[in-house]
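Quick one: the structure is below, and I'll ask about it shortly.
First chain written, first letter: the chains are A, B, C and D, and each begins at residue 1.
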Amino acid sequence: MRRQIPLALCFIAGLFMAVQYFIPHPAVQNTYELLLSWLQTLLAFAFLLGTVSLIRMHFHKIRNRADDRAFSWVTLIGLVGMIGLGFFHPQHQLPGSPFNLMFLNVQVPIEATMFSLLAFYIASAAFRAFRARTLEATLLLIAACIVMLGRVPIGDLIHESIPAATQWILNVPNLAAKRGVMIGVGLGMMATALKIMLGIERAWMGGSD
Amino acid sequence: MGTLIWTTIGAILTLSVYSFLYKDNPFYKFAEHLVVGISAGYYLVIYYYNFIDPNVVTPVFQLRLGDQAIGFGSGAWWLALIPGLLGLLLYTRFFPRVAWVARWSLGIYVGGYAGLGISPVMQARVIEQIGANALPLTSVTNVLIVVGLLGTLAYFFFSMKHKGILGALARVGIVFLMVGFGASFGYTVMSRISLLIGRVSFLLHDWLQVV
Amino acid sequence: MERTCVALAVAALLTVSLAGTAGAQEAPVEEALLDAAPPDSVAPAAPGALAARDYLDSNDAGDKIELDWELSPDDGEGSCDVVAYRLWRSQSASSPGELVTELSPGQTHYVDQNLEPGAQYYYSITAYDGTNESAPIACAPVSGRVNLFQTTRLSILVLMAVFFALVLIFTKLAERGAELFVRRIPGLNAIEEAVGRATEMGRPVLYVPGIGEIDNIMTIASLTILSHVAKITARYETPLIVPTARAVVMSAAEEVVKQAYAEVGQPDAYNPDNIRYLSDAQFAFAGAVNGIMLREKPAANLYMGAFWAESLLLAETGFEAGAIQVAGTAMVSQLPFFVTSCDFTLMGEELYAASAYLSREPKLLGGLKGSDWMKVVTIALMALGAILNFMGFESFVNWFQTQ
Amino acid sequence: MNVFEKMLAIDRRWIFLAIGVAVILPFFFPLGLPVVVTPPVQHLYDAVDEIHPNDAPLLLSIDYAPATLPELEPMAVAILRHAFERDVNVVVMTLHPAGYGLAESALLTVAEEMGQEYGTDYCFLGFQPGTSAVILGMGVNIATVFPEDAYGTPLAEIPMMDGMRNYDDIPLVISLAGWSAAEAWVYYAYQPFGQAVGAGVTAVMATDFYPYLSSGQLVGLLGGMRGAAEYEVLIDTLDKGVQGMDSQSIIHIMIIILIVLGNIAYFGARRRRKLEETEAA
């Protein structure tokens, strides 16, 4: 009851989704679209679940008087405010609506800036990690340097063959390696997917009973 | 004026995040906690209006599924109850005694996506690779690609110890892998820096308007 | 004939350029042609034979019809006044039905879409000069056939059958208790050393299961590894922090860890507050994890699962915080960053291999062995394809060009 | 602790500082490092250059989101400048929900700068959800997908859009995207309708697009900020792209120097340690 039903549902849903790929018949395709919309809806509900846990966690911190509980307030206020703007402001998606302004001027800048931290980290990583300790490490280092040079105008100035070398590295060794990894990864994914459908791999159910 | 205020807010938050490069500090903490809250709220609204509302709420309250494609005859509004129900089941996990019921929805979700993945993965990652790698060994390039591919696959072959020919091949594979990694690393630098340039130009051009 | 046509074309271009210089709005060539051509009451000659057939030999839902026709003698030559072909569609032979679309001169092909599968359609086409329409050219009624199997995807089905057969055979063998050899994956020792180190230093272990959803295969593999790690930390009574970016992953992780702690007889050591949902937003999540690294100072950071651009953000901050780091992902694009910035990395398939290996459940090894031998099959197919291509039989490789 | 060990132990915040400076300086003192134009960019430029002025318009699909704006907006600006410079009509649309504001601002800024008139020289269709469906639909009839422009004016009432039916009236489509939209244009506009398509994508995506170039499915390609820079060189109005390339060049070189220094320090320190060990023994 507690494990059989979910496993059965898992198998049926999986089997249908795998098979529909080969059947262009509208009855099947429409059912597929319906099921897909269900999965997306489930995702949305699951997201709501996350928000609930988020709220619980921060309430916890505030109740337990954690040192940085002030920041928990920041999170909660941001969350509630955004929901308010979204649901109680008509046409919240329109450009210029408070909801959209908050998105564009608070969320986007912070996320974009966090993303751009990578520019600094990629440099520090290169400095400390690119050591010609072994043959492999040396090759990695050399490939990286050539490609870096080949990407910028100054590379062409240093030597006109650098861009060509860059393309070659990308199109031959890089391609071969990527394809190898892709095939292996692909097989691993399919095997795991099959095991999930057959209920051999049930980590997603968690443990207990 | 309004825009200036908004830009200033964006700029202050931008600087707060960059302050993390020096060390963790209250400004960063503020930005970090703020974006967690804001983004949660944002996605909640977006998900509701894009999935829950059209797939559950609207059809159920109007007692019909509009032009929503349905396998077994249109107008079956009650079908919209199913995703709603499955969605609500997820919340049983807050009630330990019935928590296991959440697995029903989870089963459909995990199984559905597992099945959905299989065929496209087989197509994109295996079948098309076979087509692309069926290369006659007539040029140095082809030989290198084939050797590199064999080596990489050998490296990922777990059924035997890496000794003898397999060991040698695996060694070749690791070499190709490392060159590939180096290339992608160097290749990514540019786009990461572009992001930084974007932020800097936001600060100097859009906000301070000094350039 | 030819000459007049050229003249008209020139006149047309003139009007266009004039219109352009005169700053008038866009003047379509057709209209220009009209201006140039003496307005007549003579309809253009009808286009040549119209042929309609089921699109893709209906390897589709049968809702598309493909049409071909021959140009009207007055298109581009003759009286040179065809400005459009009008395509008509009807459910009955008697009426011309509705206008499907107008097509520019010189076109001889069109695919009509969103039709009712299996229904009979009567198509006819006319040449149009802006005022007069030629006599319609009709063709035999046609209908789109609904198909039950997409033949262009046969190769996928066949290889899937082969692969799954292999997996199931090895799984059965394992169940029968056959000894399946799988070489130990080096990364596993690294994981255990990292956890051990954290224990010595009396600091927590951080386990990030990626930012993939629970439906992501890497996330599933990561959960299996998590349960292994949880058992070790439970034994050593080392705190285990698991930040997640997905609610469902969090609840699964809770179950897994709770279970693991129970199994090694340390149910009380399990602390639910350490399994956290941070944020679905990629960089909000990364930012929050960075915060944990610097504030709770874990001594071992394990990144296992699906990672995107945040990989380097985490790994570099972790290094700065002085943690020993082990990563594992099948995200090809992120491997370079983990490989360079972590102490050890499970590359690509090793992630799945590790999870199968660790679960100690022989059944799970079936998938690993199946994948291994499928690699051999794949290589054989490539070699065969190469040889056949070389000898000029391309049909074999083309069979793999699916849609 | 000798010089090598000091180098190894350097606080990485100095590196961060150096990167920051290297990015900011070119904004004030552009180096104007020469940018060599590569064939893919040249081809796209030529394709735009062949469009008749004040005739069938260029369709520019601005499909980028805020995250990829820095790489792709300079492309949009350069292409728009080029088109308007030659009095080529331009229709702008977007397939990305977050692209609406970005596309609009890029278009209006350049149009104003070049003194173009809405409705006769350019037009903004706005956003339509459903990428592939939109592209396919426009191949049959644009007016069914975009009955009116972004501001609610029926297409028939917009002079330059009047009489536009489908891709037969569009000499060239260019998609600027940091996601699969550019591919969608190839699959759903080029494949079924033979529509000429060009693309501008992020530097990371660029390599995946080279196959489309060689197979002729794309007329031209702009890859990342460098693509934009090359286009700016072609229309000789240097802007953010070229400016960005200065920072790019400096930082790329800087990182390489860092790697070299890092290795010198590493081996220096190691040699020193070896020596000490031998002395100890």
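Please note the rule applied: contacts are C-beta pairs under 8 Å (C-beta built on N, C-alpha and C of every residue); 3 or more make two chains touch, one makes a residue touch a chain.
Here the structure is a predicted model, which means the values were calculated and not measured.
By number of C-beta pairs in contact, chains A-B lead all other pairings.
Each chain gets a centre from the mean of its Cα atoms; the one farthest from the centre of subunit A is D.
With centres defined as mean CA coordinates, subunit D is found 23 Å away from subunit A. The mean-CA centres of subunit A and subunit C are about 14 angstrom from one another, to the nearest whole unit. Chain centres here are Cα averages; for subunit B and subunit C they lie 12 Å apart. Subunit A and subunit B, compared by their mean Cα positions, are separated by 2 Å. Residue positions 12, 16, 19, 23, 67, 203-204, 207, 226, 248, 251-252, 255 of subunit D are each in touch with at least two other chains. Residue positions of subunit C with contacts to 2 or more other chains are 153, 156, 160, 163, 213-214, 217, 220, 248, 251-252, 278-281, 283-284, 287, 333, 335, 337, 339-340, 347-349, 353, 368, 374-375, 378.
Subunit B has residues 17, 20-21, 29, 31-32, 35-36, 39-40, 43, 90, 93, 106, 109-110, 112-114, 117-119, 122, 126, 129, 133, 146, 149, 153, 156, 177, 181-182, 184-185, 187-190, 193, 195-196, 198-199 in contact with two or more other chains.
The touch graph of the protein chains shown is complete.
Interface residues of subunit D, counted against subunit A in their complex, comprise 12, 15-16, 19-20, 23, 33-36, 38, 66-67, 97, 100-101, 104, 203, 207, 226, 229, 245, 248-249, 251-256, 258-259, 261-263, 266-267. Against subunit C, the residues of subunit A that register as touching in their complex are 21-26, 29, 43, 46-47, 49-54, 57, 60, 107, 110-111, 114-115, 117-118, 121-122, 124-126, 128-130, 140, 178, 181-185, 187-196, 200-201, 203-208. Put simply, subunit B touches subunit D in their complex at residues 21-22, 187-191, 193-201, 204-205, 211. The part of subunit D that touches subunit C in the complex is made up of residues 12, 52-57, 87, 89, 120, 136, 140-141, 159-160, 162-163, 165-166, 168-169, 192, 204. Looking at the complex, you find that subunit C touches subunit D at residues 16, 19-20, 23, 25-28, 31, 101-104, 107, 111, 113, 320, 333.
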